[in-house]
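One structure is given below, encoded as structure tokens.
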Amino acid sequence: MALNKLSVAAYSYSPMDLLAVAAAREVRDGDIVFTGTGLPMLAIMLAQHTHAPNSVCIYEAGSIDGRPLDLPTSVGDARCAYQSAVISGLTETLYGQLHCGYVDLAFLGGAEIDKYGNVNTTVLGDYNNPLKRLTGSGGNPDVNSQARRTVYIMVQEKRRFKEQVDYITAPGWRIRKWPGGEYVHRREVYGKYFRGGVEAVISNMAVFRFDEEGVMYLDTVHPGFTVADVQAHCGFELNVSRVKGETLPPTQEEIDLLYQVIDREGIFLP
Amino acid sequence: MGKPQNITLKEAAGLIQDGQQITFGGFTIWRRPMAFVYELIRQGKRNLHLLEVNGGTHSEILIGAGCVSIWESCWSGHELYGKLGEMVADRHVNGGMIVEDYSHGHMVARILAGAYGLPFFPSAQSLGTDLLNPEFDSLGRAGLRDGSHPKIPRKKYEFAPDPFYDRGELLLLPAANPDWAIFYASQVGEEGTVRVNVQTYADSEVIKAADKVIVLAEEIVPESYLRLEPEKNIAAGYAINYLIKLPWAAHPTGSQGFYDVDADFIRTFYRASKSQETFDRWADEWIFDIPDHERYLQKLGIGRLENIRANPVLGYSTRQKRGTR
Amino acid sequence: MGKPQNITLKEAAGLIQDGQQITFGGFTIWRRPMAFVYELIRQGKRNLHLLEVNGGTHSEILIGAGCVSIWESCWSGHELYGKLGEMVADRHVNGGMIVEDYSHGHMVARILAGAYGLPFFPSAQSLGTDLLNPEFDSLGRAGLRDGSHPKIPRKKYEFAPDPFYDRGELLLLPAANPDWAIFYASQVGEEGTVRVNVQTYADSEVIKAADKVIVLAEEIVPESYLRLEPEKNIAAGYAINYLIKLPWAAHPTGSQGFYDVDADFIRTFYRASKSQETFDRWADEWIFDIPDHERYLQKLGIGRLENIRANPVLGYSTRQKRGTR
Amino acid sequence: MALNKLSVAAYSYSPMDLLAVAAAREVRDGDIVFTGTGLPMLAIMLAQHTHAPNSVCIYEAGSIDGRPLDLPTSVGDARCAYQSAVISGLTETLYGQLHCGYVDLAFLGGAEIDKYGNVNTTVLGDYNNPLKRLTGSGGNPDVNSQARRTVYIMVQEKRRFKEQVDYITAPGWRIRKWPGGEYVHRREVYGKYFRGGVEAVISNMAVFRFDEEGVMYLDTVHPGFTVADVQAHCGFELNVSRVKGETLPPTQEEIDLLYQVIDREGIFLP
């Protein structure tokens, strides 16, 4: 499918639509994708309906390459499993698939991210005396640490894009080597288990990527926002030297697929 | 070992002793033995050590009711119907419960080691994270890793070298062998063969890892029926100690093939869970003022149950309105 | 990764390089990719490193034909139809092949570690036996544990303490990640989804552990049929690299649901395997003088194949006479 | 079922019949039994048909509590799986069931056994320069090392009942503690993993058990044989001080079950 920029003017789209579409474009045809609930489901399904028909989706709860008739609202949902290639459980998905090395791409979310792509979904403040407790890690760090590429989908707020996260739930590019705890490059911590890492962060305002040192830079800015807008909603000084331009907006075909086929009940896209 | 013993919900909950380590089958808001959780609360259990692969609505209710003094897991919440685990969060921020955080892959490794009778399971997952920060070892900080607590390992994890292929260090995660697994099953045969529908989560491992297993069965069916397709079963009757037949026992969590998640019920609970006061009122209404599971179902009412009843071909409800269109 | 590539038997066997490490799916005399073994022999492969959970008729034929220079496993034979693995025995007694003995549980641990991307798997099985005698570490004695052979671990096994529960030492068994798994499947979907009937042996693990996987499918069926019951499938198409459709490809080993073990054929082979001379004559007749699988089936003849054809309800032959009554 | 000694005179039985029956009697009702191909299958099925209807059989290849219509001739046979509670594979049977600790009783065989119950199925002579290679270990040592009780079924020959086996394939009561290799009691090698060990050896001439030190003694002698016969077919000096008397012969009911129900095709009992 060729993206058709000229169709843009003819319709409107929401920030959520653009997030879903931008995420979908990170999928390469044939990718084995490990996906959580929500927007990531829209992204992988949209990719399968457009440029990546041979991409495959693994849901942590046990379904492998399902072909849902109706959009699942949880990875544990029976909807995930319809016409799946294999139905299994967590040992299979987390060890038999993920640890085994099949997973090319992961879509994940987080409450906080820092300039090295470290993500926090555990606590705000000191872990032993926190200001706020979040959901906890779930499989976020496992999937991130073993997929070849990870894409985080985030809300663009100053308090969420931080110089340094309060707690490293999921590993970015500069992480701690235990037991000592010194900060080193991800490659050094993972050694022979290194397969890749955080490739992109997609927010409601922009797409970010990481340089050779593992530092986040601004890649594209969504239509309607400026580089200054993004910097104003980012808690650390952003490298804007590599900005490529505007994020490609959704096409009419993509919007139609999202609203009329993938989320026709209006669950994530009301 | 033999077949499981038939028992009532009250009797089964009565077997759990204050201070014991328990775990549950299911996944987040799916196939949780909710009726059992309610009964534990009615019986006023205290100081339970809840170790589970992941948390969910059941954990929030049990913790909110003050039954749990140690929680080891990786996640608590209600998926789309209430993202935060407010009760875990409250205890972590305000005290009253030890929270020990692992990753999902680590918890699966722990239960799998327990299931296989191994002391540990190796993993290269979640290296470099604060899950491994020695300062954040909550059970260690509480002085409980001195070897005198048989269900608490001496260390939160260990690094191990690779003596074979020079791949470097990876983690060893300590086995988990809870005193009890409480488990909700889709179908159980007359002799105790267990089937769960669709995704199997960590269910087969949870059954094996625990010292004793209580199963709440949505329905009891002929053994010969389950044995026609043994590929779909996860445990033989000898792996189960006690059996309770209890339809709708997983409500408000979902049971594939029988009923969907009761989204409104969980949303209402989630709102109530935002303060202890509203939690307590909710618990009075839905737990303490209700003597048993039958009355609970009566209170829910047939309309609500029919709304979430699964389409038998698809395994999920096609009646419950899920979105805006 | 995508879908498996369709390929001929000759092309597939041509991919295996002399000196590579290979493994097979199946169990003793069940679901062995025999047609592939014959073709490897026809193509004159040499110095293969055969690492397998257990051996059987296929190993004996491959070893007898001189294709294997290292065999790591736990057992070789033909079950009731020839108890001893004469060719493994001959090479062990007279030389010509390195034999590395583990237990069945150790081999499963090795393949499982490989399947999970782990460097080792712990086990307390077979402690105190001569399997662990350092003097009987054949690869070590041959000087092959120096780290320069990527598929050969630096140690046969390692002892590891239990840092968590003071249970004492147990074994770590090194992962196995063969270059190739050659696998016989009962049914494969058009997109490569793999199903095996009845017992699954170590099949799912073997597929995962190997770098590349060649599947011989008894039949290709619609994906949608296999996906109606995904609980019965063991691998998605992306786990398979090459696919060959080849009915009766497991003969003379059995394939549940399709055909039983050809007991007479194996008994005859077993007798032939008692000397190299009679083996060579057998191999001429059944391998070298036969150009391909179709002629092999023709030579077997319809009567023989119908005799072992499975009753579709029971999954095994009800025609083959098995005993004296 | 009460064993009825009085029925003995009325019929004949073969040594194999007695072996199967004596083995069956080792099964306790409710036992979870791990069983190999051949005579052990007859034994567990006979027990299930008589005094141990609640005993359950696990076959290594993956079938758990099968109820065969026709006698399997291999643990990999589809016949094993008919009406089984669970169908699985080797990881499940060897780790999920055996290592997990479910198995009460195992029936195994061997080429050689010594007075400590160590069994050899690997080589005769020096492993590095053997006189004869046998089948190899298979799961024999794994099952033996983790079942609470193991019963070996053996052919009674002087060369098979040895003072010391050439190679310890499966661990008896006095085994080697590696890496040093010193001989110690099984309990010392297995430590917290100790669950039991070899309980009985049943041959075509006698039943043997083990004393507190783990040394084999003669328990009962099969009808038609004397203690001297057994000693003459045993390669080490046998402790005969505890002989209880004669092995109970098969009953007519047991013979009928074996020939008319369990092995009605005459596979193992021609």
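As written, the chains take the letters A, B, C and D, and residue 1 is the first residue of each chain.
By definition in this document, a residue touches a chain if its C-beta (ideal position, glycine included) is under 8 Å from a C-beta of that chain, and two chains touch if they have at least 3 such contacts.
As the structure is a prediction and not an experimental result, all values here were calculated from the model.
Peer 1: Go ahead and note the Å separation of the Cα centroids belonging to subunit C and subunit D.
Peer 2: 28
Peer 1: Let me have the rounded angstrom distance from the C-alpha centre of subunit A over to the C-alpha centre of subunit D, please.
Peer 2: 56
Peer 1: State, to the nearest whole Å, the distance from the C-alpha centre of subunit A to the C-alpha centre of subunit C.
Peer 2: 40
Peer 1: Spell out, as numbers or ranges, the residues of subunit A touching 2 or more other chains.
Peer 2: As it turns out, subunit A has residues touching two or more other chains at 63, 81, 87, 95, 99.
Peer 1: Among the residues of subunit B, which are close enough to touch at least two other chains?
Peer 2: 117-118, 123-124, 166-167, 170, 204, 231 - these are the residues of subunit B that touch more than one other chain.
Peer 1: Looking at which chains touch, is this a line, ring, star, complete or other?
Peer 2: other
Peer 1: For each chain, which other chains does it touch, given as pairs?
Peer 2: All chain pairs meeting the touch criterion are A-B, A-C, B-C, B-D, C-D.
Peer 1: So in the complex, the part of subunit B that touches subunit C is made up of which residues?
Peer 2: Its residues touching subunit C are 117-124, 147, 150, 153-155, 158, 160, 162-167, 170, 172, 174-175, 229, 231-232.
Peer 1: Considering the complex alone, what residue numbers of subunit C touch subunit A?
Peer 2: Residue positions touching the partner: 1-3, 115-118, 189, 191, 193, 204, 208, 223-224, 226-228, 230-231, 233-239.
Peer 1: For subunit B, which residues count as touching subunit A in their complex?
Peer 2: Residues of subunit B touching subunit A: 27-30, 53-55, 73-77, 79-80, 83-85, 88-90, 92-93, 99, 101-106, 108-109, 112, 123-136, 138, 141, 159, 166-170, 197-205, 254, 256-257, 261, 310, 314-316, 322-325.
Peer 1: Quick check on the complex: what are the subunit A residues that touch subunit B?
Peer 2: 37-38, 59-63, 69-70, 73-74, 76-82, 87-91, 94-95, 98-99, 122-123, 127-128, 130-142, 145-146, 167-171, 175-179, 181, 186, 189-193, 263-268, 270
Peer 1: Any idea which subunit D residues touch subunit B in the complex?
Peer 2: My answer: residues 30, 32, 54, 56, 63-65, 67, 81, 83-87, 95-96, 99-102, 104.
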